[in-house]
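In the two complexes below, subunit A is the common chain; its partner is subunit B in one and subunit C in the other.
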Partner chain A sequence: MSNLISALDKATDNSGIAKIEEIGLQGMITLRGDLSKAAVKKAATSVTGVEMPTLGHANHDGASGLCWMSTDELLVLCPYDQVADTLAKMHTALGKAHALAVDVSDARASLRVSGPNAREVMAKLAPVDLSPEAFKPGMFRRTRMAQVAAAFWMVDDATFQIVCFRSNAQYVFDLLKVAAQNGSEVGFFK
Partner chain B sequence: MLILNCPCCGVTAEETEFHAGGEAHLKRFGPDSSNEDFENYMFMRQNPKGVHLERWRHNNGCGKWFHAARCTMTLEVFGTYSAQTYEPPKEICDLISAKRPGWSWGAFS
Partner chain C sequence: MSTRLATGGRLLNKSKALSFSFNGTTLKGFEGDTLASALLANDRVLMGRSFKYHRPRGVVASGSEEPNGLVQMGEGGKFEPNQRVTTTELFEGLKAKSQNHWPSLEYDVGALNAKLSRFMPAGFYYKMFIHPRSFWKHVYEPIIRHAAGLGAAPKATDRDADTYEHFYAFCDVLVIGGGVAGLQAAKAAAASGAKVIVAEQTAHLGGRAVVDGGTIDGQTAEDFVTAITAELEAMDNVTIRTRMMGAGVYDHGYVLGYERLKDHAPEMAGPRHRLWRIRAAQTITATGAIERPLSFAGNDIPGVMLASAIRDYVVNYGVSSGDRTVVVTNNDDAYRTAIALKHAGLDVPAIIDARPAGDDSDLIARAKALGIRVMMGHGIATVQGGKRVTGVEICAQAGEGAVLEEIACDAVAMSGGWSPVVHLWSHCGGKLTWDESQASFRPDPNRPPLGDKGQGFVSVAGAANGETTLAAILADATDCGKEAAKAAGFKAKATKAPVAEDAVERALLPVWLMPQGAGYKLRSKAWLDYQNDVKVSDVQLAAQEGFTSVEHAKRYTTLGMATDQGKLSNINGLAILSDSLNQPIPQTGTTTFRPPYTPISMGSIGGEARGDVFQPIRRTPMYDWHEANGADWEPVGQWRRPYAYVQSGETVHDAVMRETKNTRENLGLLDASTLGKIIVKGPDAGKFLDMLYTNMMSTLKVGKCRYGLMCSENGFLIDDGVVARIDDETFLCHTTTGGAETIHGHMEEWLQTEWWDWNVYVANVTEQYAQVAVVGPKARKALEALGGMDLSADAFGFMEWQDGSLGGFDVRAYRISFSGELSYEIAVPASQGQAFWDALMAVGADLGVMPYGTECLHILRAEKGFIMIGDETDGTVIPQDLGLNWAISKKKTDFLGKRAQQREHMVSDQRWKLVGLETIDKSTLPDGAYAVGEGTNANGQRVMIGRVTSSYHSPNLERGIAMGLVLHGPDRMGEVITFPGTDGKDYEAKIVSPVFYDPEGEKPNV
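Here is the complex of A and B:
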């Protein structure tokens, strides 16, 4: 068996105003279908143990979770080594429902930005209102970070978790490093 | 810069999160149409100064298409509405009328 490593092999940078880390392999399954259908809901909730997220939100329990991607798409998170099992269970739960569940874990990378300046660092890169009143833990947002597509949510009030394409991992990591340069605090959210 | 609200996912963001998809409410003329109809469908656009109806896609977000009514001169956005329609809904027409009385665009006013 080959040694599985994530895009940046858990690279970390702690030199700036926020901590940036690539967090390693994360199981991700794209589920597309009519999110109001019982079989689709069951396929998503039964394997993650969390409730269906509402529009623009995500529910998490450790490495498992459900993120609202669009009106007909969920991102199902699970531990990386359980993707095959999870997918099999989902296909059973879906039965004949018109839906699609596909393993996309190796097409993506996961990063985290943490620390008291995490909001500022993220706000420099995405066209999103990241004030504490507007963006809170529990919310989920698909957007762009500089020139590439990305999605993120807040693990807690000072930690963002980002999902981007694996081929963009180095770009996003470098982008975050520049946005977190020492002395670059704006103080906008203070 | 335009601030658009995606009617599919509810997100309000500036235009770089979206992608413009050209003029709205085109009627397609396909293989059996006349040359003139096909030319009009394929190449002729309104290019108005003022009220304009366009297609947009939330390409860095939920990925869905929708319609937007805006002013090409002031960049004011009157409203956005579903892609699944052949004409602007009444509430959008009312919003435009409130700001630009007497407006017309193609067959709509």
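Here is the complex of A and C:
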């Protein structure tokens, strides 16, 4: 529909030491189930075309992907306009297996932080070891940023993609702006 | 006088002069100065006044241990009190003011206190101000508050102009302290490949060694520091941060580093302070040692300073603290000061050494060779002078203070030995042991702070570990670095300790009082704690009065309770206490070392959390529209919800009244997106919900809705809401706005801990939907105007839900009502929320549509007697109190709260029950008011028989309406009870049914 508005309507800020953008709507499906069950695995991998992720990891292929959320939860990523189809396919694949697949695309906001200082900007807000040797593309963290829940991964070595609750999008965007204020380079990650 | 010397000053950039002001006078310093060295260079020895007696105070130390030199810095949004001059780096335009005096630093009326000091001993306040009791609050406290205190608080209207931030860092080995020990330990640890952070609180690496001399691997200490720093900086796995203090060590290797980014250059961009929140597998504290003062009469007079500080000022800053300096000591180290002063061309009339005559050590011999008079076995009886030292009276250390000789001087360099800085070792439980030879506590390596597996996670290197010679310090640091790397899981590389040489020293003599037999008069002028004015006589009095525990004596005398936390006074004070109690020092022990090591800014603790991001504000998809349309915001948890939409010319109350009338008469729209929505799915979902809710949910038919109550296992009502059955295995549970996260957590807790074998998954989908309540007699018309669903009463009954399409939007519509009106709640995906709201406003234009806020919602539900979690409930209320027995299943064998609700107290007929309350004069009852009954209780208070839980003015009924919990309430219909208001008025209210409006329920039933 033409009346779709993401949480911050693709706001961007480039005034500080990293670029911050809200990137619009991203399809997201919460899949809860026994991740070792064949039907659950199939429901996840068949619609995304990526492998099942291991603990603390995420596998991506463009707008599609699988993120490890907990021992019985995956975040399934797909293009926003394909959520309904994807859900239907997943339900078919799940068959009678006990699982829960539900659309959460609109409950979330997606932001990106990029640039050579992106790691430092994120490390001011999330209690995660973000040094290049500890956190690499392919990894995924469910954590907090300052006072709210968030999850993130690295799209490439200088870009983080963040998922937070839609209602907190403005807060997270503003947090990132403060953390990226000019003159605040830390110089810790070599 | 104190002055700038023509030569010396290794930290100065003499080509760059800086101007700054002190108490309004413009003065000159150099880049590299601290405020302390710059003030001394300008002969400003008097820097402040003490806390209690307003005694004149000059700087006594050269580092973070300084108790006296506290000033107010900056102005307006940059104002900050209690800044230590010794740790304040000079910058162009710095503005400082002295504090705690009136009318001026030089002439302070408060100094009269000092004349009365005989009458203000330890515990004076406790003894004096206890009677009569009421005087404390109204007379004594205001006067004392005026007289005592340090710097002024910032003005309430000023806002801190700076920003602050946190930074999360992780490393294998964290080294706190960038002296030679810290640098060497870092090198030894880093050789293994471990990731190392070195934090140094000052702007310079090298610590004391560069001032005190000695050779390391054949080089000067300074050259060694330059070389090892370059070596470390070249390593990828090492990070060195200067101006970063290790502030506190906490459980699991968590350490706070306090980095002062631009205190030395306020014009720079970026945050002022950064609080590093570090996780380190191993922490090495290489924090050095602090010199102890000696306790002799007049040791607080400006000009009496630590020997090491006088040496620092000469060597580092090219500043002499006086022309003629008498050195008084119980150890060899102070001789270094005498030698440094002589080399700088200054006069040292005598070294007063408390130790008996004996063989001359290297340093004694060198001092004598320079022609300095050394008086062994002597002490200072008293220091002469007021705002400045003018001389000292010499006596025998062994005697009672008979004056043998007077020596004129304008500075006194004292040294009572060195105490290792064990604070960071101790913060998380590291234990200490008494070192007889150095008369100091040092870390006990066998009792370190313990980590999760019982492993030690802090170790200590160098002088902080009680080592005293350069060779021993460097050997210790090398071992410590290797061991820490090993403990962090790395294979230590063979690293050789550098070979160091320095003077062989003669043993120290513990001297806790000078002279040893000093009488009361001298003892009452021998200061232990400079900032808080605690003297030897005060600690002795505390001991005499029975304060035998060091923690009690500390609080009684205030020893070590000032902003310096007793860095200079602690050991001296507890030595005096031990002596008074006739017990060895280790038996007395130390007080507790608590973080932070020195005060850190409140701003750094708050980090980024200020201004716009002080707290998260959760916004619904229609937030901007609300804002643009007059929303008066109400915080509901972290959400902001419109309390009312105020139109021009209206008060908030007017708006609420208008919205309430309009919703009953025409059409109201409520943004209900914040209500919690939790999906519960699985073969056992019905069974699970039957346990969570008091009523039966498993029997709910697909397509239907049911109102439910949730109780805690203690029986108390915790949440309510409408449950919709989506399909055989799936339910959607609505919760209160505040309950979304907690009820989701509550569900997960029961599923994960108790009913882990039940096949149920839950997901919180609250934010997936924008939900709009379309309320009022014209609600159906409005939705029909959008078109797409059959909304007739037959096709879409009350308490049903349907998926469909309205105005082209995919919706899930619930026909439910929290207002007593015809009402639908329509859920659309959040990203279409604003568009859907706009569509409703458009079709409602002809129907008298108005958005309404939370206060209107409250009035509408109160008119109908619907309870609100948080108003009618407060964590002590059970459903039975609210007349909700109809919603408590009698068929179910169990549900959370069932057993608790059968307890004696829960079934008592004395519980207050919900009723409606109507004022006789139609006024509005004060919310929360209590109703009084006959007589008084055991405490002599009026007997209470009830309280108001909700109270509003109803524009539809044109009167005040209220609900309340009243003793035997439902049995007392028609009775009038009295609610005394806090305004002194008595409010009379009649007990009535809580359903005020449309009791037959006809309005929604159309």
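To be clear about the criterion, the second predicted complex is superposed on the first by the 188 of 190 C-alpha atoms of A that agree within 3 Å, B and C clash if a C-alpha of one lies under 4 Å from a C-alpha of the other, contacts with A are read in each partner's own complex, and residues count from 1 in each chain.
One rule holds in what follows: a residue touches a chain if its C-beta (ideal position, glycine included) is under 8 Å from a C-beta of that chain, and two chains touch if they have at least 3 such contacts.
Given the structure is predicted, the values throughout are model-derived calculations rather than measurements.
**Q** Which partner does A:124 reach: the first (subunit B), the second (subunit C), both, or neither?
**A** second
**Q** Between subunit C and subunit B, which one touches more residues of subunit A when both complexes sit on the common chain A?
**A** Touched residues of subunit A are more numerous for C.
**Q** Quick one: is A:71 in contact with subunit B, with subunit C, with both, or with neither? Answer first, second, both or neither.
**A** Once the two structures are laid over each other on A, A:71 reaches subunit B alone.
**Q** For A:88, select first, second, both or neither according to whether it touches subunit B, subunit C, the two together, or no partner.
**A** It touches nothing on subunit B or subunit C.
**Q** For A:6, select first, second, both or neither according to whether it touches subunit B, subunit C, the two together, or no partner.
**A** second
**Q** Which holds for A:184: it touches subunit B only (first), subunit C only (second), both, or neither?
**A** The second partner, subunit C, only.
**Q** On the A-aligned overlay, A:144 touches which partner chain: subunit B = first, subunit C = second, or both, or neither?
**A** In the superposition, A:144 touches subunit B alone.
**Q** What residues on subunit A does subunit C touch that subunit B touches too?
**A** On subunit A, the residues that contact subunit B in one structure and subunit C in the other are 127-128.
**Q** List the residues on subunit A that touch subunit B in their complex, please.
**A** Those in contact with subunit B are residues 55-56, 69-71, 73, 127-128, 141-144, 149.
**Q** Of all residues in subunit C, which touch subunit A in the complex?
**A** 163, 165-170, 195, 236, 239, 268-271, 274, 277, 279, 607-609, 612-613, 615-621, 639, 679, 681-683, 759, 761-763, 765-769, 808, 829-832, 834-835
**Q** Using the touch definition from the top, list the residues of subunit A that touch subunit C in their complex.
**A** Within the complex, subunit A contacts subunit C at residues 1, 3-7, 25, 30, 32-33, 72, 98-100, 102-108, 120, 123-131, 134, 146-148, 165-171, 174-175, 178-179, 181-186, 188, 190.
**Q** Can you list the residues on subunit B that touch subunit A in the complex?
**A** Against subunit A, the touching part of subunit B is residues 8-11, 13-14, 16-17, 60-64.
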